[in-house]
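Read the structure below first, then the notes.
We just call them A, B, C and D in the order they show up, numbering each chain from 1.
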Amino acid sequence: MIDKTTSMREAIATVADGARVAIGGNTLHRGPCAAVHEIVRQGKRGLEIVKTAGAYDVDLLAGTGCATSASVGFVGFETVFGMAPGYRRAVERGELEVKEHACYSVIAGLRAAIQGVPFMPIAGMQGSDVPEARGFKTVIDPYAGQAVVAIPALVPDVAIIHVQEADSVGNARIVGTRFEDVLMAQAARRVIVTAERIVDGASFEETPELVAVPGFMVDAVVEAPRGAWPCSCAGYYDYDAEYLADYVAACKDEAAFQRFVETRILESQLVGAPS
Amino acid sequence: MIDLRIGQQTSIATAEATDPRVIMVVSLARLLRDGETVFHGVASPLPMVAILLAKRLHAPNLVYLNITGSIDPRPEHLPVSTVDPSLLRGTRALVTLTDLFDLSARGRLDTAFLSGVQIDGQGRINMSVIGDFARPKVRLPGGAGSAVLMPTARRTILWRAKHDPRTFVERLDFVTAAGNVDRVVTPLCIFQRRDGRLAVESIHHGIMPDSLRAATGFAIEADERTPVTPTPTAEELSLLAEVDPTGVSGSEF
Amino acid sequence: MIDKTTSMREAIATVADGARVAIGGNTLHRGPCAAVHEIVRQGKRGLEIVKTAGAYDVDLLAGTGCATSASVGFVGFETVFGMAPGYRRAVERGELEVKEHACYSVIAGLRAAIQGVPFMPIAGMQGSDVPEARGFKTVIDPYAGQAVVAIPALVPDVAIIHVQEADSVGNARIVGTRFEDVLMAQAARRVIVTAERIVDGASFEETPELVAVPGFMVDAVVEAPRGAWPCSCAGYYDYDAEYLADYVAACKDEAAFQRFVETRILESQLVGAPS
Amino acid sequence: MIDLRIGQQTSIATAEATDPRVIMVVSLARLLRDGETVFHGVASPLPMVAILLAKRLHAPNLVYLNITGSIDPRPEHLPVSTVDPSLLRGTRALVTLTDLFDLSARGRLDTAFLSGVQIDGQGRINMSVIGDFARPKVRLPGGAGSAVLMPTARRTILWRAKHDPRTFVERLDFVTAAGNVDRVVTPLCIFQRRDGRLAVESIHHGIMPDSLRAATGFAIEADERTPVTPTPTAEELSLLAEVDPTGVSGSEF
């Protein structure tokens, strides 16, 4: 297969304004944050974020105005730092449309995309205002006649995931929890993999079972050491509580937030850039 | 459970048996049964500690499931983030969050722990918005898996580290999820759902019935005849101190 | 968790006559054949077999009259030994009902069972006589209005899979191809795992990613060395071409088939039995 | 492809360029394109060898997919069973059969190899029954993935090692699958589907047009002006001998 390694700048340059972007990881863990920072640097606009449970990544893309809608089940810094301030402000100002989901309905939409069907029936949702608020329709089971909620296919234009190891053709190894990264990679039209390390793929031949995403489903591979920072990356580093505390604190005031983005993100070293 | 304040790490390991944090985590642990499958999601320090405590107390064969996909992990240090890789330690298998939702969807998840920023008298929750959905006064984090888990898990145990009329409300601004709620554990009492309504099962030590009523936005019955939540035993306290020496479960308060 | 190890006899004794039995593996590979032999020994009746692509296992259960129906996409010995003689005879005599499937519709039925929904929409099937022959109905996508074939949930009463390694509580490692074993284990009401080796589960803690089926989804674990024989078992042994040639030859004549079953299966050593 | 006889292992490695087995495998290989995703299922020695040959000839970046879930394997010895673990060797990742069907279902599988015991003039196949479906005269193996792959894969290449009027029929006893058939390769010719009908694209060396018509149960046009299938080149022959030294592709005949 062909070498798919590229720079973070070039990989993110392929993400169009208005794209539906699926972001791997979960809350404070293994989000592709170096790629998210590059999205902010390139000043993308009109993005729709797809994620089950987001935190810093979704908050930053909302707070900087890169994202104008989000199909998400949860956005928050858990009990560590509480609510997502940039996300809150953007939604409360009407600058970000929340396409409210249960995490499982995000998964159902991705499954429909993966399986090439227009919708996925889903258990649950009874008594919730979410289906009505979202316009989720029901279908009648043609066998027993029961009504079931149908989640429309959710096809990301691009999925961006950060993994521990990848080879140059895109075979991607995830150590520990895979979250929804594999579903996102299968459902999306294009897949960008950022990796702590790019390794010789021959080393994967002994236990191919450990490769989460096969290279032929991947379009671009970027070496991005600490590419999940300030999220954790299992086996590599914990989330950066100090940085995140500064971020959340800065969000309380708009000027402080702008200053934080300028000094801590835009001017900081481009992770994964060609040196 | 979501808290606007940064979770403080005050240790409850040394706290007294009447400390509401201790009563909450012990009460949650007592509700769990040996051999059942139990799941907690993001932002769930109290359930995490309660599950680990229950496994030490009376439920060694309880199957502990969480978003990391680990099964019965043995974390070395308890994380404040309940999706933390430290919850992978000691697991022999890894499933995905999708697998866990599927498990519940097909009726094989016994107990799900969930919370709500607002909880009404039917045990329904709001994790979505305060105010109008389209243009909210406060955008909340969202219900995560609750809209699916509450109707499909065999039972849901709700917990909330805050008990005031803005939390326990007569009317939710938005119904994020509804379903098979069994109990609701708060710093003041334990609610049990009977005939679709939350009723006070027991009131915690030192809480006055009228202050409980005043703190609850929907009508409840509570008087001097209302049972008092059994005080945590010495064994429960010492095992809690072993399970949560750094007081992670206190981070919700 | 509780020790779930038991003998093959006891494990298979829990399989009721008339049960819907999902059988792991594919064609000549990693079928749980020791368990299938025990099913024949115990003279089960009225079984419905669920498998995407079967060979010896389905053929033997059909030829011995244990199975009276089969939800399958393919049954044959590939180009190695051609058509499945016992299966053919049973069907042509009207003793076995074929619930014809595409392999993918077996998968779709299992997915519906796993996801707790009554049916699974499936792409494809256009122009095929299978949906009409099977009574597969269509549903209308409530969003774009297109018709899509709906496969009803397929819930096995029991799934039987053979793996390379398991621990005493049921954590099951599959080396190489997993086939549909994991789907079957999730979809079935009960799961029986037979394993080449029962190992100390602590050895799985280093790379839990390699465990295909978690123990809490498993009901019984049987140590069955060569338990896939005469199928192959990756990393352990190839399929037994000589035995299979004898089997296929014996099937050509009914008396020879009975003699073969008597001498080569019923009287042979019970794999995994308590010694 | 299913054969009632036990596959014989006669080596085609030393066979002549005009040997129909050689023409078939080389013709199948020539149809494949560099960089495309290609899948074969069970009982598919000819496609297996054709794919490996194409990767050596003109399609090094072709993505070779099969039921073992391996990707671009480098088998040490070619198996007769095309689901054999020997097809795992050299793969860097493992997918499942489910993943491959999904890939096709969402329009990402470029080429699927399929076969039929009966094939009609529209390129539809029967792998299910001879005679009545409910009570067949001959129960066939079944279509495996074909009912889903033929309509969803971008193109299907059919092959069949037997070409007679009982195989290429006017009317199928049962339509197991129909769909995006592009070519049909047989020991006598190559059909191309044009306007929904199979037309003779080329006739193999030494085959008489009238014997081809006689061997085909549906109406076709074939005369002395019908192009002859290009004879395998020396390079194709030598690489075929390297790829399939034991003549596994001959097992279908």
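The criterion applied here is as follows: a residue touches a chain if its C-beta (ideal position, glycine included) is under 8 Å from a C-beta of that chain, and two chains touch if they have at least 3 such contacts.
The structure displayed is predicted, hence computed values, not measured ones.
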**Study point:** Graph separation of subunit A and subunit C (steps between touching chains)
**Key:** 1
Study note, to complete from the structure: Most remote chain w.r.t. Subunit B, using mean C-alpha positions, is D
Study note, to complete from the structure: More Cb-Cb contact pairs, comparing C-D against B-C, go to C-D
Practice item. Round to the nearest whole Å and give the separation of the Cα centres of subunit C and subunit D. Key: 27
Exercise for review: Please compute the C-alpha centroid of subunit A, do the same for subunit D, then give the distance between them in whole Å.
Suggested key: 41
Practice item. Averaging only over C-alpha atoms, locate the centres of subunit B and subunit D and give their separation in whole Å. Key: 58
Revision key, fill the gap. Among all residues of subunit C, those touching at least two other chains are 115-117, 122-123, 176, 209
Study note, to complete from the structure: subunit B residues touching 2+ other chains are 70, 88, 94, 104-106, 152
Exercise for review: Kindly provide every pair of chains that touch.
Suggested key: A-B, A-C, A-D, B-C, C-D
Check your understanding: In their complex, what parts of subunit C are in touch with subunit A?
Key -> 112, 115-123, 137-144, 146, 148, 150, 152, 175-176, 207, 209-210
Exercise for review: Enumerate the contact residues on subunit C facing subunit B in the complex.
Suggested key: 1-2, 113-117, 167, 171, 186, 201-202, 204-205, 208-209, 211, 213-216
Practice item. Would you tell me which residues of subunit D are touching subunit A in their complex? Key: 37, 61, 63, 70-72, 88, 90-95, 99, 102, 104-107, 152
Exercise for review: Using the touch rule from the top, collect the residues of subunit A that touch subunit B in their complex.
Suggested key: 26-29, 52-53, 72-76, 78-84, 87-88, 91-92, 94, 98, 100-105, 107, 122-130, 133, 176-180, 182-183, 232, 234-235, 238-239, 245, 248
Review point. In their complex, what parts of subunit B are in touch with subunit A?
Key: 1-7, 42-43, 45, 67-70, 80-85, 88, 94, 96-98, 101, 104-106, 124, 127-128, 133, 135-152, 174-179, 251-252
